[in-house]
Amino acid sequence: MTATTAPSPGVRRQGGPGPRASQRKRRRSLAPLWLLSPAGLVMLTVTIAPIVFLVYTSFTDYNQRSLFTGKYSLVGVEQYTDLAADPEFWQSLLRTLWFTAAMVIGSVIVGTGVAQLLTRLGVVLRQVVTVVLIFVWAMPTVASSLVWKWLFQPGYGVVNWLLTQVGVFGDLTNTDWSTHPGLAYVSIWLLIVWQAVPFIALTLYAALTQMPVELQEAARIDGAGEWRTWWSITLPYIRPTMLLVTLMSVIWDFNVFNQIWLVSAGGPDSATSTLGIFAYRTAFVSFRIGQGAALSVITTVILVALSAIYIRRLLRSGEDL
Amino acid sequence: MSTIQAMSAPLRGRRVGPPKGGPLSNTLAILFSLVWIFPIYWMVNTAFKPRSEALTETPLFLPESPTLDNFDAAINQTSFLVDLRNSLIVVGGTVLLAILLGIFAAAALSRFRFRGRRTIMVVILVVQMLPASALLIPTFMVFNELGLLGTYFGLILAYVALVLPFSVWVMRGFFIAIPVEIEEAARIDGASTWQVLTRILFPLVAPGVIATSIFAFITAWNDYLIAYTFMKDQSQYTLPVWLASFSTPLTGTDFGGQMAGSVIFSLPVVVFFLLIQRKLVSGMSAGAVKG
Amino acid sequence: MATVEYRGATRHYAGTSSPAVDNLDLRIRDGECMVLVGPSGCGKSTALRMLAGLEAVDGGEIRIGGADVTHAEPKERDIAMVFQNYALYPHMTVRQNIAFHLRVAKMGTREIEHRVSEAARMLELEPYLDRRPDKLSGGQRQRVAMGRAIIRRPRVFCMDEPLSNLDAKLRVQTRTQIASLQRRLGVTTVYVTHDQVEAMTMGDRVAILKDGRLQQCDTPRTVFDRPRNLFVAGFIGSPAMNLIPLYAQDWSVEFGGTRIGLTPAQRAAASSREITIGVRPEGLRVVGAAQGRRVVIEMVEELGSDNYLYTSADGNSARPIVVRSGTREIPSRGTTIGLRLHRADIHLFDSLTGERLPD
């Protein structure tokens, strides 16, 4: 302990010996319990209990009938072995993985570019771009999904019309994006990237504005060109933020549900069906709830594994938990 | 336009950096803005078009005879008002509960040291990562058991659980940033524990409260999946479900109405974002430095 | 107004081997300004925080105005505190900051109004009353912190390095302001600092602490003239006192031709013949190389009014002997000179125990 720095509050809060001091100690140590319990109760009923229940359910044959009768039986790992034998599961898993990769790469690259662009704009244009980003960021996914369907509508969709005018792809006027596996995915990919860029760009831009000018000036004086400065100075400076943004994108994009559900509902013919869509269909359309639970367990395990990287980083960054 | 000016705040300081406003940068910026704003422009454009202008072979880039008919139709749609009311109740409940529970938990996790604190922090981090869609099934079943399906309270609880980890995390950060001496000064000034909390600490966590309410608002206002799954019929649905129901086969071709509905639904969020954008950007820069 | 008394007060942090404050006995008179001084980690801030009630007391007791407050809450002690970082409430204006205690104490609005304007006038804060702390300069913030303390008319002021965040010039200016304010108000004050100059100028008495233990407590003059041990001798005064360890062959020590015999009392007090003589830079005289202790000048520090020569004997420059020399004819670096003692300025210490030997 140094006399000039205040010791951490907790150390101080542990009272010393003597009747009154120990009395105070006991009263103080109960305060966090009271403060935590309401939030803890909610998390317990709405998150922790369901997770336990989820794992349990994945070992049962819970189905539509069980919802009303409450009757179901334990079937061991049958749901998991069934899934392992189901080619649709493997297809969904692979699809989810590469959809996620494509979305993350697209949005991080565009987002980084826009962040960099923002640092090179005059006041007016920077404000214009920022307002555009904020508008897009604010758009609720349900609304943007509807807009997307309208943009890509066969016959009257403005994107179809624009692409036809460009003339490279031939006449696309009546192309139905939602019935063509590849095109359905392209339109969803565009939607996700469109929505994800604002957050990534603004976060990275915020990180860039924090960068001391002296760093770049020093690099200039050391004779580095613009590209070199960006590569050796700017990029390392924003790398932690980029990593964070990328990890969050991975988690979000892995979980994309609304956009796919509303734009293509996983179609055509499951061509855009990810694990989330597959689980939802299994549980709430065909009401094989046990199997849906098994799917959700698998999804959760994958995600926790992914986020473990992020959490380890946070723990290691030395932040006092 | 004061909010827009406020946006340039992070740049007001000395910053020379790369040359600004080069022709290449400007062209790219304009191009990007056009592409990115286009879907929103098209939504608004369509919303004001009469049906005959929405469905034309060559799209009209401005309505020739602007009309409010689509908005009229959307609002008069069955259950708009009911669903709006549902949305407001659920959003209000979520925001209030998230702030209240979050601020107490954050105070506990930042101002006190006790056993299990670190574990709780890690659990919060992990829970934050869990996909809502994975929790949907078991929460549905638990709520089914507890009779919470089809109730406002159940829906609010579900949203609060989604928002809480984030809000505890954010507000805890603000608590930690308050020097202990300020708390001590207040105690010496004669403030009771409750007064220290309410008159000193809570006001200083206000930015965190704002961040939490934004996040809670947006989560509850925008959610489609949980509301659609947990609520039983149109009289219980919230606005996103109402909006999505426009695209059923029955109304599937009423694009004007859909776009008008989308505008109505998006408007509060967009206005909200524009109002708070300064905090948004500065909050992110704070996060950026830490990340 | 009140006396303050530490009786064997002890603070021991969990997980540390020695107490942060060890069995502290200190009586502070009514209206007195007592300065606690020492190097960082000496326990001076902890001692102050124990008085304020921010730190638990693990042993002994603390009394204010004769009443035992050892385990009382801070608010029950009727004390005011100025923190090193001021700890102003960032979301309140200057006015609200100053008035916070009175509001919590539910005083009438008019009385609050009156007291705030009185304090603001005293501290020249009137133009800033409606500003927030982040819009104030460092000196203004310091004055707000002072205002928050004096408006309470408390029994005791606790000041924890209140000047350390100011720049050098402002620090000297504010130092005199606080001192005169304290005398005018006559409030018992405990003032913590690591700066011995501040301690000497501010305190009616100075208490020097090291490793949680009280080393000496006396008036600045006495502490300077008769340091009780080697630590105090080396800590008080700038540049520090020269401490030269010697061996007392037949109970006398010799330096630069001056021989000092130990008195019978001193002989009785010494634990061995290892004796350290202490002499302040002004207690040495520069003479010709042959007439005193031969030393080489390693560095010359010219401060205008005073000049200090850093010299080394026998090529040992790790522990230089510092001499004050007159403003005229300053010898240059590298010259060999002789040093002689002024007999009146000699302090003798037991090298092993560090204690001062009786005069």
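Letters A, B and C mark the chains as written, and numbering starts fresh at 1 in each.
One rule holds for everything that comes next: a residue touches a chain if its C-beta (ideal position, glycine included) is under 8 Å from a C-beta of that chain, and two chains touch if they have at least 3 such contacts.
Please read all numbers here as calculations on a predicted model, not as lab measurements.
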Chains contacting each of subunit A and subunit C, listed by label: B
Chain pair with the higher count of C-beta pairs in contact (B-C, A-B): A-B
Chain centre separation in whole Å, for subunit C relative to subunit B (CA means): 56
Centroid distance [mean C-alpha coordinates] between subunit B and subunit A, Å: 15
Subunit B residues counted as touching two or more neighbouring chains: 181, 184
Shared interface positions of subunit C, touching two or more other chains: 54, 84
In subunit A, residues with contacts to at least two other chains: 6, 11
Residues of subunit A that touch subunit B when the two form their complex: 6, 8-11, 13, 28-29, 31-33, 35-36, 38-40, 42-43, 45-47, 49-51, 53-54, 57, 62, 67, 114, 117, 119-123, 125-151, 153, 155-156, 158, 161, 173, 194, 197, 202-204, 206-207, 209-210, 213, 216-217, 226, 240-241, 243-244, 251, 254-255, 257-258, 261-262, 276, 279-280, 283-284, 289, 292-293, 296-297, 299-300, 303-304, 306-307, 310-311, 314-315, 319-321
Residue ranges of subunit B in contact with subunit C within the complex: 179, 181-182, 184-192, 195, 199-200, 203-204, 206
Subunit B-touching residues of subunit C, taken from the complex the two chains share: 52-54, 73-75, 79-81, 83-85, 87-91, 100-101, 104-105, 148, 152
Of subunit B, residues touching subunit A in the complex: 4-5, 7-8, 10-11, 14-22, 25-26, 28-30, 32-33, 36-37, 39-40, 42-43, 46, 54-59, 97, 100-102, 104-105, 107-109, 111-114, 117-118, 120-122, 125-127, 129-139, 141-142, 144, 146, 157-158, 160-161, 164-165, 168, 176, 180-181, 183-184, 193, 218, 221-222, 224-225, 229, 240, 243-244, 246-247, 255, 258-259, 261-262, 265-266, 269-270, 272-274, 277, 280-282, 284-285, 287-291
